[in-house]
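The following pair of complexes shares a single chain, subunit A, combined with subunit B in the former and subunit C in the latter.
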Partner chain A sequence: MPAAIEVVGVRTAPRASGQALLIAPALCLMLIFFVLPYVNLLLISFFTQSHQAPYVRVLTVANYERLARDPFTWGVVWRTLWLGAITTVISLVLSYPVAYHLARAPRRWKGLLMILVVSPLLVGVLIRTYGWIILLQDTGLINQMLQGLGMKRLPLMYNQTGALIGLVHVFIPFMVLSLTGSIQGIDPELEMEARSLGAGAWRTFWRVTFPLSLPGVAAGTILVFVLAISSYVIPSLLGGFTVLTVPILVVRTITELFNWPGGSAFAILFFAITLALVWLYLRVLSRITRPVV
Partner chain B sequence: MAEISLRGLTKRFGNAAAVHDLTLTLASGELVALLGPSGCGKTTTLRMIAGFETPTQGRVLLGDRDVTEAPPEKRSCGMVFQNYALFPHLTVRQNVAFGLEMQGVRRDVIDRRVIEILEKVGLGGLNKRYPRQLSGGQQQRTALARALVINPSVLLLDEPLANLDAKLREEMRFFIRSLVREFHITTLYVTHDQAEALVLADRVAVLIDGVLQQFDTPEAVYRRPRTVRVAAFIGLTNLIPGRVTARSGDRLVLETSIGPLRASGPADLREGMEAMLSIRPENLELGGRDLAAPRDGVNRLRGVVRERTYLGSLFDYRVDVGGDSPLRVQGGVNAVHQVDDEVTLSFDAAAGWALPGGWG
Partner chain C sequence: MLIRRERLWLTLSVVLVYAFLLLPIVVVVVSALNAGAYLRFPPEGISLRWFAAFARSRSFTRSLAFSVELATIVTIVTTVLGTMASLWLFRSVARFRDLLRVLLISPLAVPGIVTGIALLIFFFAVGWRHTGLLGLIIGHSLISLPYVFLITSAVLARFDRTLEEAARNLGADQLTTFRRVTLPLIKGGIISGAIFAFVASYDEFNISLLLSGVGATPLPIQLFDYLRFSFDPTAAAAGTISIVLALVVVLVTQRLVGLESLYLGGG
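Right, the complex of A and B next:
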């Protein structure tokens, strides 16, 4: 085979190998720290559970069978996906106007605005989450204010609402950045043309701006969705014990129940489900946006 | 069909005035070119008419309707941009149908009118293509069809031919003119290309640094410019500073560094005033060293050819006549003069046009 390649690709070979060399470091990094651990996880998920050791090297599909049969599994999977979906939708709705104005801002303002958008990421996730606790807890700032105004306290923490607030806050920058790039690529004259053809601002948005920004919407929503369903710190701190997501359950299965194969199987199963969903989503989107891309 | 009327239109960005006190009225069905160098405020003017910029002062009237405060979608301006602004996610048919859909026209009527207009602009059969599958000329035609199909009250064109190659540009000029005639639609055509403006327009409005310099027929703008800036901007010209020493009727005599010259000029140019003489290179006649005495009213200068460039249909000479800079002369390929030849230059008093004031 190598000989055949050399013969066919005499001309392109040096260039191709040069390009391959450039991506080699990234590829190595991914292989060692991402692919190999995943392969390891995949292996463990087929090993047998044991009470004396993390696992016994006897292949079995029992872990998956148990998971698939347990309605609790599917309940947690469903709630995780649902939390991810709501987070994504809220992030999208909140981020779009920000991204639009960022994309259309004068160049000298753009840098500053960009820094402001990214600034939540400059604070570590733990510190930021504790910040939210101060604001959201039953005796927190917001509830103190509500009480001061003579209103009832709102349950903002240790429930899905708390987790949602925390997640949306962290992921908005990712969404904004994805959308901004895409919106920037839309010629403002297209919007002017639509207006002059009789479309109001609202219809111009839905008929021209939004369809043309779909590549950015796709990137942003996938990014936020995947990050949201795999997040651990925020749902566990702000959701308390009432919000049980797949990552939390996987960690508990492994660290508290010492069921390595069971936890691994759950992680792999969820990975597969996520992959399938993203693939499906992209297919649907690409069908809509085909003329653009 | 309505006319466009701009009254004292001013647009300031910070302290800089992009457009200053512009008053301009286009008659119904008239094609007016708004001509000026880049950054002169043409596009800002167009955008104020279309409703994308709010004037700092002044009014915009379309027909007898004051639209200064109206949003763009309520103005019924057909627009064609320099890069056509075709919706990339829509087919040619969908692009052209867009405006009609916004008006709530019935589907079968839309289909009929789209087909009609596409035939008219020579795009029949391309309705299923996407913009990126079209050539530049076809994109241009699509943009025109899309703007015209909604029966706009006025048509606004922003450098519509700037992205086409020279040959296609030439062809599209005539196409646009015939289209505008056929639809009898009042059209403002923004361009920096003076040849385009002169060929296309019924009247040309010359805008320089946000100030309307002249609004007149192409011929008048070219032959009887009102300001030195117009003379210098439109076409090639030789500018010779001087002072008016005598005047009778529309003829006058200018005292210049290369001697007294007979010329013509506007009525407000009086004796004793500073003036600038503009002579187009094609109005200077080049002759041998020893010519018979000139007719009455013809200027005669002696000079030496410093440079000669072949332009295909004619030669471009730079002739030193003793002034500050050599004069440019363009002439036929019959009588050829060599560099360093001593020559005479002559021009009729009617061909020299004096303008009030010096440079600027």
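Right, the complex of A and C next:
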């Protein structure tokens, strides 16, 4: 591979013969420590499980068969996808007004608003999750306030609600950043014309603004869905033991049960399901948008 | 186009979402400065005792120092590799250039936890058992490199190549052209790329979870182990230190390149 690059580099940029060396180190890092480990993971998912060693080098499809027959696996897969889907929908609903506001904000405000959107991204997930623990736990701030108001405590943590709040919070900035670019590309004149022709705000939004922002919606929803279903920290700290997702189960299979072929097969299977879903979603989306765009 | 009443509703909902975004961060800072072990309303007065507790805890200070060391090395490695790669891709007209671009940012598109597992198994398969700091440097570099690459590429896209040609025509050699013309013009992008690389490594959790070991525990892993058993505000003090770091990063990036360059997709 590096040899091929050198040839092309020399032909296209005759003045700079040593230029292929610029990309070589980054390319080596990616090929050796990213591509190769994934190929290895795929290979090990076809190896035989063993109690004496992490795996035995005998090819088999038993790992996949076992997964496909186990109703427990499908239960966990289904719950993970469902949690990801709800997270995505809630993030979209909460992010759209923010992105619209940001896209149409006067120039001098934009910098400040961008700081508000981006800064949560730079505070580690663990620290934000700790903030939610202080707020949501049984003796946390929200329950203290509810009791102060004479109401009953709510179970907000160590269940799906807690995991959902944490996930939505983490993914709103990604959604806003995805949406803002494409909303900014919509000519405000179009909305104005729809209004002057008698359409209400709601109708203008659904018939003009939203369809035209679909590329951003597609990018944002896919990004958030894929990130949400592969999240590990938030479901394990805010969901406790009741929320069992695929990443948690895969890590447990590999680090606690030392069943590497089984864990690898599960990771690969989940990867394949995710890719298939994203592909299906894009197909559906392009069919819906064709008459509009 | 919105009339005034609609604009009011929009602003109100936007303010609520921003409040939701900032709420847990503010709560962590308040709880780190609060005198009591539990956060209550009204707070029990300001105190630095949790920062003192943090400073006294060997496991916390050791993992903070380890995280800073790790992030510094990762930043140096990925800033150099990422800038070189984006310079090459900017100039190259090779047919598989888009493929290389996708390859360089793909670690951000796949689940970090799966990358961690793949690396752990790979290191074992090649017979490398005690990976320690070096294993973590490799793992974190996979995550930091795409950030450097994306940001320096964004800056290069705005760079006027005729300036380089002018310098070459005036007799400057390749190295001088780079040092005196190209580098000063893309310096902002390289610096903010480096800052993002540092933060990405400093906050990285998934890969560290699988590759950390005895004597090689980054701060997020230490916090994770701590938060499974105890919620006392020592963790909030550690969090506040990281929040201050993030704030500095955002302000510096805004000064140097403008955060608008971070819009994703559909732009």
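The rule is short, and it goes like this: the second predicted complex is superposed on the first by the 255 of 293 C-alpha atoms of A that agree within 3 Å, B and C clash if a C-alpha of one lies under 4 Å from a C-alpha of the other, contacts with A are read in each partner's own complex, and residues count from 1 in each chain.
Just so it is clear, contacts are C-beta pairs under 8 Å (C-beta built on N, C-alpha and C of every residue); 3 or more make two chains touch, one makes a residue touch a chain.
No experiment lies behind these values; they were computed from the predicted model shown.
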Fill in: Partners on subunit A (subunit B, subunit C) - clash or fit
fit
Discussion item. Looking at A:245, would you say it contacts subunit B, subunit C, both, or neither? Reply first, second, both or neither.
Written reply: neither
Item to complete: Classify the contacts of A:91 with the two partner chains as first (subunit B alone), second (subunit C alone), both, or neither.
Response: neither
Practice prompt. Identify the partner contact of A:132: answer first if only subunit B is touched, second if only subunit C is, both if each is, neither if none is.
Written response: second
Practice prompt. Answer with first, second, both or neither: which of subunit B and subunit C does A:208 touch in the superposed model?
Written response: first
Fill in: Touching partner for A:221 - first (subunit B), second (subunit C), both, neither
neither
Practice prompt. Pick one for A:38: touches subunit B only (first), subunit C only (second), both, or neither.
Written response: second
Discussion item. If we overlay the two complexes on their shared chain A, which of subunit B and subunit C does A:192 touch? Say first, second, both or neither.
Written reply: both
Worksheet, complete the sentence: Of subunit B and subunit C, the partner touching more residues of subunit A is C
Fill in: First (subunit B), second (subunit C), both or neither touched by A:29
second
Item to complete: Could you tell me how near the closest CA atoms of subunit B and subunit C get once both structures are overlaid on the shared chain, in Å?
Response: 7
Worksheet, complete the sentence: The intersection of the subunit A residues contacting subunit B with those contacting subunit C is 192, 195, 201
Fill in: subunit B residues touching subunit A - in the complex, by the definition given at the top
47, 50-52, 71-73, 75-79, 81, 83, 85, 87-91, 98-99, 102-103, 130, 146-147, 150, 156
Practice prompt. State the interface residues of subunit C toward subunit A in the complex, per the touch definition above.
Written response: 1-3, 6, 10-11, 13-14, 17-18, 20-28, 31, 38-41, 80-82, 84-85, 87-89, 91-95, 100, 103-104, 106-107, 109-115, 117-122, 124-125, 138-139, 141-142, 145, 149, 168, 174, 199, 202-203, 205-206, 209-210, 220, 223-224, 227-228, 231, 235-236, 238-239, 242-243, 246-247, 249-251, 254, 258-260, 262-267
Item to complete: Using the touch definition up top, name the residues of subunit A that touch subunit B in the complex.
Response: 187, 189-190, 192-201, 203, 207-208, 211-212, 289, 291-292
Worksheet, complete the sentence: Per the touch rule above, subunit A residues touching subunit C in the complex are 5, 8-9, 12-13, 15-16, 19-20, 22-23, 25-27, 29-30, 33-38, 40-41, 44, 54, 94-95, 97-98, 100-101, 110-111, 114-120, 122-135, 137, 139-141, 144-145, 148, 169, 172-174, 177-182, 184-185, 188, 191-192, 195, 201, 204, 213, 215-216, 218-220, 223, 226, 230, 232-233, 237, 247, 250-251, 254-255, 260, 263-264, 267, 271
